[in-house]
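You will see two complexes here that share chain A, one where it goes with chain B and one where it goes with chain C.
Then we have the complex of A and B:
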């Protein structure tokens, strides 16, 4: 996937929301969708099961318009969190420019979070991608739940954020932290343009 | 075109009153002759009194009078936005250029210059450029230049340097006129006295007046109660106190807009400048229709190239292509816009296309159709040359390239090479016409081309040939420029695998004043001689000639004639001429005795029978060893 096409003056970023089932990835996209003016977003594609879980993936194309003369597009994807959709997860993850890990802050979900984080690393490794080079941001979602049920951010950070990547507390249903997360992953992705890692540049497609 | 200039705002729907007479007069003067009278024209008034209408009217009227005029309307805020965008995307220069081309620049809301230093300096520069070239600037503001806070002194003097006019509040009569105008425009009508009553009410601006009129119109449309002069004030006043219900609860902070602006900062920081510039150049050239593979390759590299140099190279390629295209279009209008003129990386292709066009327009001379191989009689003396010719025809450009045929005058060299040309012409595989030219013709053509300055076109005619035949190439001896041209032509064709056939009265080694580089190239193929015909061939030639011209000749005449050596087929014909002439003089047929008498009389001294030209190729210093070292003691066997 092309990140920057200087010839056509386009920037296209693929950002994948990753995380355990029911952690709120689709809610993140819904919130973004509702905030974006109609002419700037494509239709959100959701392939969901009858019980409203993401079966394949959600896809939300966003047109940020012309930024510094570049037509800038974000493509937001979510993976199905449930363990048994491993193949879909791998497919969706392919070619991602950045990953948002949406963690479920509920105390009883901590194992699922860890498992999903490991799954993310395993899938990246399988695609020959060094996880240390992939822009990653963590969102600790559902911080609005009663304190008795949830772990607080420092606690979660201790368990999940061993790499020390940017993180945000979130309440995706009401939108807290949603744009903060999107902003910080976008900036990480864009920083790679001039970063030490050779930029992936595509020309004249 | 800006909506402001689409004709909604015109002078004829602008109501002129005492309060705005001066402004309108100045505006008209400016519209009629932009740049000539008041430059810049600065119009100010409190908001809602018609500044924007007036400058829109100037733009529209000027455009009506001079449709070619480049008129640009820009509110200052847009100007600032464009400037920022241009700077962040590295297009500041293009931005400046864009505005410097404008003939009539209309800038609204100039008061927003306050505190914008960089915009001010940019504007100052644009102003200088525009005024310097006599273009018109018109500005509108809600206060006079001197009251716009925090503006560069120099800019203030520029703004104040032309004419400053203000628009005051319209008086009662003007207000009535405006209201009537608006009603007519919107096809509304009110009871008598309503508009007058409305005009009598105090109002701060025309916009307010219009708002009041709208309110009356809404009331009338609802039909709740008729609008009468008596209730005008009540209706309008009610409108003024009622809070605007249309406006929703406080607007939620626009998260998306904030997000976008942050992303814009990130993009500006992280996108590499040179790639942006190169990308722009690519976009520019692509828009112009050129293929930019060369630049795109540079874009894909990790190292920063010299973008300007790269672009300059590309631009020079483009201008060369433009030249070529123009040249081609002159020859054939259908060649306009051909793909081959769109890729600066493949200029030689474009050049070749132009050469083709030239050649198609004016093909090189071809072989004479009368000469064919079938009409050549083979004999011992020319069989080698004939075989070489056949091999050449079979595989042109492959076996003997060049084929150099030499021999004395009249032996049939010209016939042979033209015959080769005709045979090659029939070959489908040949990529172009067969050029067949004699050495002297070649020289003459070059001289003529030099005279007219059309050497390029002349050259191109031959370059596209599928095969080249030069007869009497010895005519080029001592002609340096012709040899030079032939050398390059030879190389071009030879390297493209095209057949070259040459004919001369002597082998290359004996052509005096022939450049060594040409000689060695001629020697590089096959040099083959045509000897004067031997007795058998002579007899065949006489038999054929007599068959055609004196079918009643006594048998044995041909054999008798053949006893006499001749230089070639040409001389055979002249001998037959002589014999026929003598026979006519004697009034009889061609008999053996007549021939014997005639030959005896002519004898060997007749000018017709010049001694045969011997093949001297064996005398070539390169081929013959004249001095043998240390022959002493060697046994030389004598064959008996």
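Then we have the complex of A and C:
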């Protein structure tokens, strides 16, 4: 659950971008980083390999502004998508307030999408979290690719969106759907917090 | 503050294992604290996991000496679960002293209790949320 610091009147929410390797998670963060005014975001931290594949995570802090008198911050993380980084994915997912699942719309990637969605649910369950209670938004990325290579959104939604969560078509490299996705997950996380009975409390400063 | 004064560290940050900041001393920009905490949580989680896999138990402390500054990371058990303390220090102190006062802080926190605060009252939540989302992401 989101961290509420009453002494400093701050709310911090952790949002994790999940999905198979090369689906566009880091591209989402790069686009956000390049578009958001400098005074509203921190440095983007990327722990990547020499070929720019995410090794551990990418991290981007955003300042959303004041909500009900609380300075509200979003912390965006990506996980490494490759199957063999299972352990680091679990570590990054720990304490997530919301998840954006970035699916690769290419027809040949559908098995990887399904496997990654199952992996997400398995990791949440392992952490004792009921996946149905975690705010989730799906982005069907790479919809800009030629039609013969991709599945369309309703087709992908049939396979992946069994919870009926909000979804967006995306082209993360050019920014299509990036802000819509981030806005959706931010709303879900903060609305959940506003309706929550007892948010976790920071020990103060 | 007692830990900072006694141990003479330059920077100290208390964070959750998920990387969120709980309290800090020594940073001047909140945004820098968040990046440092994200990395500290990652280092701590990796060290704990590699300890679990290779030694059977998680490693809970870590020390990196640099040229002029050193970092010490340690896990603290509190009534609200495990937290992480990240400290940065220079030649005004030593790793031995930092470890000593960290152990003392750990003992004090283990018996400290906190009173849960009332949930925040979200007056003007909808209008604030919509205004800030529109400002940050544009009117979509």
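Methods note: the second predicted complex is superposed on the first by the 188 of 205 C-alpha atoms of A that agree within 3 Å, B and C clash if a C-alpha of one lies under 4 Å from a C-alpha of the other, contacts with A are read in each partner's own complex, and residues count from 1 in each chain.
As a convention for this text, contacts are C-beta pairs under 8 Å (C-beta built on N, C-alpha and C of every residue); 3 or more make two chains touch, one makes a residue touch a chain.
Keep in mind that what you see is a predicted model, and the values were worked out from it rather than measured.
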Task = Kindly classify A:40 by the partners it touches after superposition: chain B alone (first), chain C alone (second), both, or neither?
result = both
Ask   = Counting residues of chain A in contact, which comes out ahead: chain B or chain C?
value = C
Ask   = Regarding the shared-chain residue A:68, is it in contact with chain B (first), chain C (second), both, or neither?
value = both
Request  = Tell me which partner A:120 touches in the superposition: chain B (first), chain C (second), both or neither.
outcome  = neither
Request  = Have a look at where A:12 lands relative to chain B and chain C in the superposition and call it first, second, both or neither.
outcome  = second
Request  = Figure out whether A:186 sits in contact with chain B (first) or chain C (second), or with both, or with neither.
outcome  = both
Query = Just chain B (first), just chain C (second), both, or neither: which does A:175 touch?
reply = first
Ask   = Both chain B and chain C touch chain A; at which residues?
value = 4, 6, 11, 36, 40, 64-70, 72, 179, 182-183, 186-187, 190-191, 194, 198-199, 201, 203-204
Inquiry  = Considering only the defined contacts, which chain A positions touch chain B in the complex?
reply    = 4, 6-9, 11, 35-37, 40, 64-70, 72, 175, 178-179, 182-183, 186-187, 190-195, 198-199, 201, 203-204
Ask   = What does chain B use to touch chain A in their complex?
value = 85, 88-91, 255-256, 258-260, 262-264, 266-272, 275-276, 278-280, 282-283, 286, 292, 296-297, 299-300, 302
Task = Note which residues of chain A are touching chain C in the complex, please.
result = 3-6, 11-12, 14, 36, 40-43, 45, 47, 56-57, 59, 61-70, 72-73, 75, 77, 87-88, 91-92, 94-96, 179-180, 182-183, 186-187, 190-191, 194, 196-205
Task = Could you pull out which chain C residues touch chain A in their complex?
result = 14, 16-24, 31-32, 34-35, 38-39, 42, 45-46, 49, 78, 80, 114, 116-117, 119-125, 128-129, 131-133, 135-138, 140
